[in-house]
Amino acid sequence: MSSTEINVIEEIELDNPILIEALPGIGHVGKLAVDSMIDELEATKFAEIYSPYFPPQIFIGEEGMIENMINELYYLKDFGENKQDFIFLVGNTQGVSSEGQYEICMDILNYLEKFNINTMYTLGGIATGQPVENPKILGAATDVEMVEFLKESDIEIRYNDGGIIGASGLFLGLGKRKGIVGACLMGETPGYFIDAEAAEAILIKLSDLLSIEVNTEKLDERAEETRKMLEKAQQMEQEMMNKSSNQDVDDLRYIG
Amino acid sequence: MSSTEINVIEEIELDNPILIEALPGIGHVGKLAVDSMIDELEATKFAEIYSPYFPPQIFIGEEGMIENMINELYYLKDFGENKQDFIFLVGNTQGVSSEGQYEICMDILNYLEKFNINTMYTLGGIATGQPVENPKILGAATDVEMVEFLKESDIEIRYNDGGIIGASGLFLGLGKRKGIVGACLMGETPGYFIDAEAAEAILIKLSDLLSIEVNTEKLDERAEETRKMLEKAQQMEQEMMNKSSNQDVDDLRYIG
Amino acid sequence: MSSTEINVIEEIELDNPILIEALPGIGHVGKLAVDSMIDELEATKFAEIYSPYFPPQIFIGEEGMIENMINELYYLKDFGENKQDFIFLVGNTQGVSSEGQYEICMDILNYLEKFNINTMYTLGGIATGQPVENPKILGAATDVEMVEFLKESDIEIRYNDGGIIGASGLFLGLGKRKGIVGACLMGETPGYFIDAEAAEAILIKLSDLLSIEVNTEKLDERAEETRKMLEKAQQMEQEMMNKSSNQDVDDLRYIG
Amino acid sequence: MSSTEINVIEEIELDNPILIEALPGIGHVGKLAVDSMIDELEATKFAEIYSPYFPPQIFIGEEGMIENMINELYYLKDFGENKQDFIFLVGNTQGVSSEGQYEICMDILNYLEKFNINTMYTLGGIATGQPVENPKILGAATDVEMVEFLKESDIEIRYNDGGIIGASGLFLGLGKRKGIVGACLMGETPGYFIDAEAAEAILIKLSDLLSIEVNTEKLDERAEETRKMLEKAQQMEQEMMNKSSNQDVDDLRYIG
């Protein structure tokens, strides 16, 4: 019934890995942080994920080469102070409908079941709508112990305080139902640009929580690149929207 | 084919229970009333319901703990003047698409079939758009006898008068097709805030119809709490909407 | 796989009946005309149709009794000058999504296949956006002979001229693919009220094409009733929209 | 599970044909170019494609005859300098939802698998939002060799530069995953009218890439015809939208 396609590149064995999710979201905070982490720590890609619930489009990347909408899984073995295994979920997109979001998250969690994940961190941004100096990292979690653990790292706990929409929320919620302890870390960001500073702040806290070390020097450069690409993309799409006068493919209203 | 997940916590036997539905809606009138009823009467939860048609998100509740989007079933046995059994359907969300609404309602009704429900009340608010003094309770029903029964409790009958959208309408309609007698009680409410007064009015009428007694003292307090949480949530979402400049997950228009 | 529910009330045998479709649309032109026709000619209901792609709601009808969203099939045997059999498709709603529209239309046409329908008329309104005196009836058809037949009744043929959206268009198109000759009759109407005059005009042309006689006297009264109900419904829904401040069931944008 | 209907008209055998996709899009640039190509080169239609994800409507064409929403496949054998086989994918519509777009593209590519397509060109417009003199043709591709091949024909390569939304992007992306080398050619166009000039520019480049010759003389005439039809259609739909006051088939918000 499900239509998520998971192409396994390498069959691996991991020992109770920690899952870290950072799909695109507010200010690209989580994505920037974890893309950088994968790069710096030289994590290995082991699976590619496609879904018909991704946006029906492609990106044009470097040198005119196209890129499919994709989610990807990377791993690290015996890493950091605790000789811990890690799985990273990253990508260039999320599902575009309610049931698409659920299907993709559920299918990925089901596939990962064999690795016996006990702990999960999902990363995101939290939009302040105004300039942010020294972005705080806010958190929420699936149980009391995790909330306490976050507090020990001076992460401010959100409570009675709205929701977390999209993959960062859904993975946490679905994970909780499967007995996986989880936390969402959210970096304060104005929300309207690619925010390397918030990404750095979240990366520092995450490294602390995971007892690992990550170099954050290249984050600025990475943010700059991402920002340029997205600005062009948005500008182009905006022009198309405004000018195409909807000749062919309208947002239908059924009026016959 | 269906994807609704009904996790039964306790296998129970009930004798022609009356079903009372009160999922979130206008002014939270029904939800406030029945959440309070469950609390005061110490009803027991016997099933949790999840659906991929719920919004793809989680709520952040007390002390930073996350809450899944959920519908829940509670029961009471041999209760009230008539030693009647009751089932309550409550939750923090409804389905987000047309077919999602239908699937969830149908799956819940199908699951409940074994209890031989003969009668159903669905609760909601009816927005007046302006301040309301002494909120009236309006009603509609599946058959003439029920309409008469409502009138006896001084419930004003709506007629030739629009529709009831969402779970409160759909349960009544789908129930009617299964031969379940039903009524919808709608409390007048301005519609733009969590309305404890309308909830109290509806609770008083419902207690009357069911020949039970419910303490309504804590309704104000409960309304205040809900209001605070939702205001924060809305404010946050609004900011995200306005400021995120749709960098990642757009409302797609297909223009290629 | 399909979820359309067709409840057959009476098993009937018909001889190459003509199908007449008139689901709600612009100005309720087609619906008014055919509802009246069914009433005047005393056609018999033989099936009720439900779909999860109908809007998730109910209507409140006379005396506070609720009405499900429904499509209905009626028939007439050996009727009119030509002793012709007829099937009428009417109802209070259409599907609310693109694929819902297709599924409902396909399922109904598949069910009707056993009756060997050769000819189909679909009825609708065409909005002028301004007051209309002596509404014209416009037409389009699946083949040249039908176009000529319409012209003989002084129906003005539309050409290179946009589309027909919803059930009136889709039945014609899907019918054409099944080899059913069809025409769409569209009555000119301002489009913003229930238009008894346009309905009368379309009813007169249709009676002519079908070689039958229909009394149109009660159309005004029927239009007035429908108008009252819909105005109330719209007003109420509008108020709900404006005032509910979207507390519970938002039009989600995925921003996590 | 899939619902795409592919009606094969002629069973054909082809030798590593080149696929050319040109469904409706910005400025109708690709569609105009390839419709003209099919006409001039007398390509033969071999399959018709229908989907419930197409818009639920029909077009009214010449002489009042209705046209179904459709995609079509044409072929040419042993054509041009290289005695090459070609398949052309054209039509009057694209899918209207995210998953619809994916399903249609995937089903068509799966059907075409038996022909062993190695190379694919998808055509589209790129909106400038302002008048264009001497429209440039921009390109993007699935691999380095194809990018070089485009450059040799003086096609300007887009890079780090947004996306390609809809069928032109999706076919390229899904094709890449199947090992098909592909390129998208995009003609600069203001974007708000049917653009024969951009279509001519793209047709000249494409002929060059394919080593074939196509007469472009009738493009102006064809553009004029298409423009007239679409303008009428849009105007009509706009009026319907504005005036119908949403009496029957609303964009539902679930508020019960």
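As written, the chains take the letters A, B, C and D, and residue 1 is the first residue of each chain.
In the analysis below, a residue touches a chain if its C-beta (ideal position, glycine included) is under 8 Å from a C-beta of that chain, and two chains touch if they have at least 3 such contacts.
Quick caveat: nothing in here was measured; it's all calculated off a predicted structure.
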**Same vs different contact residues, subunit C with subunit D, by half of numbers used** = different
**Chain whose Cα centroid lies at the greatest distance from that of subunit D** = B
**Fill in**
Cα centroid separation, subunit C vs subunit D, in Å, comes to 34
**Complete:** Between subunit B and subunit D, the Cα-mean centres are separated in Å by 47
**Message:** Give the residues of subunit C touching no fewer than two other chains, as numbers and ranges.
**Reply:** 1, 25-26, 55-57, 94-98, 101, 164-166, 169-170, 234, 237, 240, 244, 246, 249, 252-256
**Request:** Write out the stretch or stretches of subunit C touching subunit B in their complex.
**Result:** 1, 3, 50, 52-66, 68-69, 96-97, 100, 225, 228-229, 232-237, 239-240, 242-250, 252-256
**Request:** Can you check the complex and tell me which residues of subunit C touch subunit D?
**Result:** 1, 24-28, 55-57, 93-99, 101-103, 105-106, 126-129, 139-144, 147, 150, 157-166, 169-170, 172-174, 176-177, 184, 190-192, 194, 230, 234, 237, 240-241, 244, 246, 249, 251
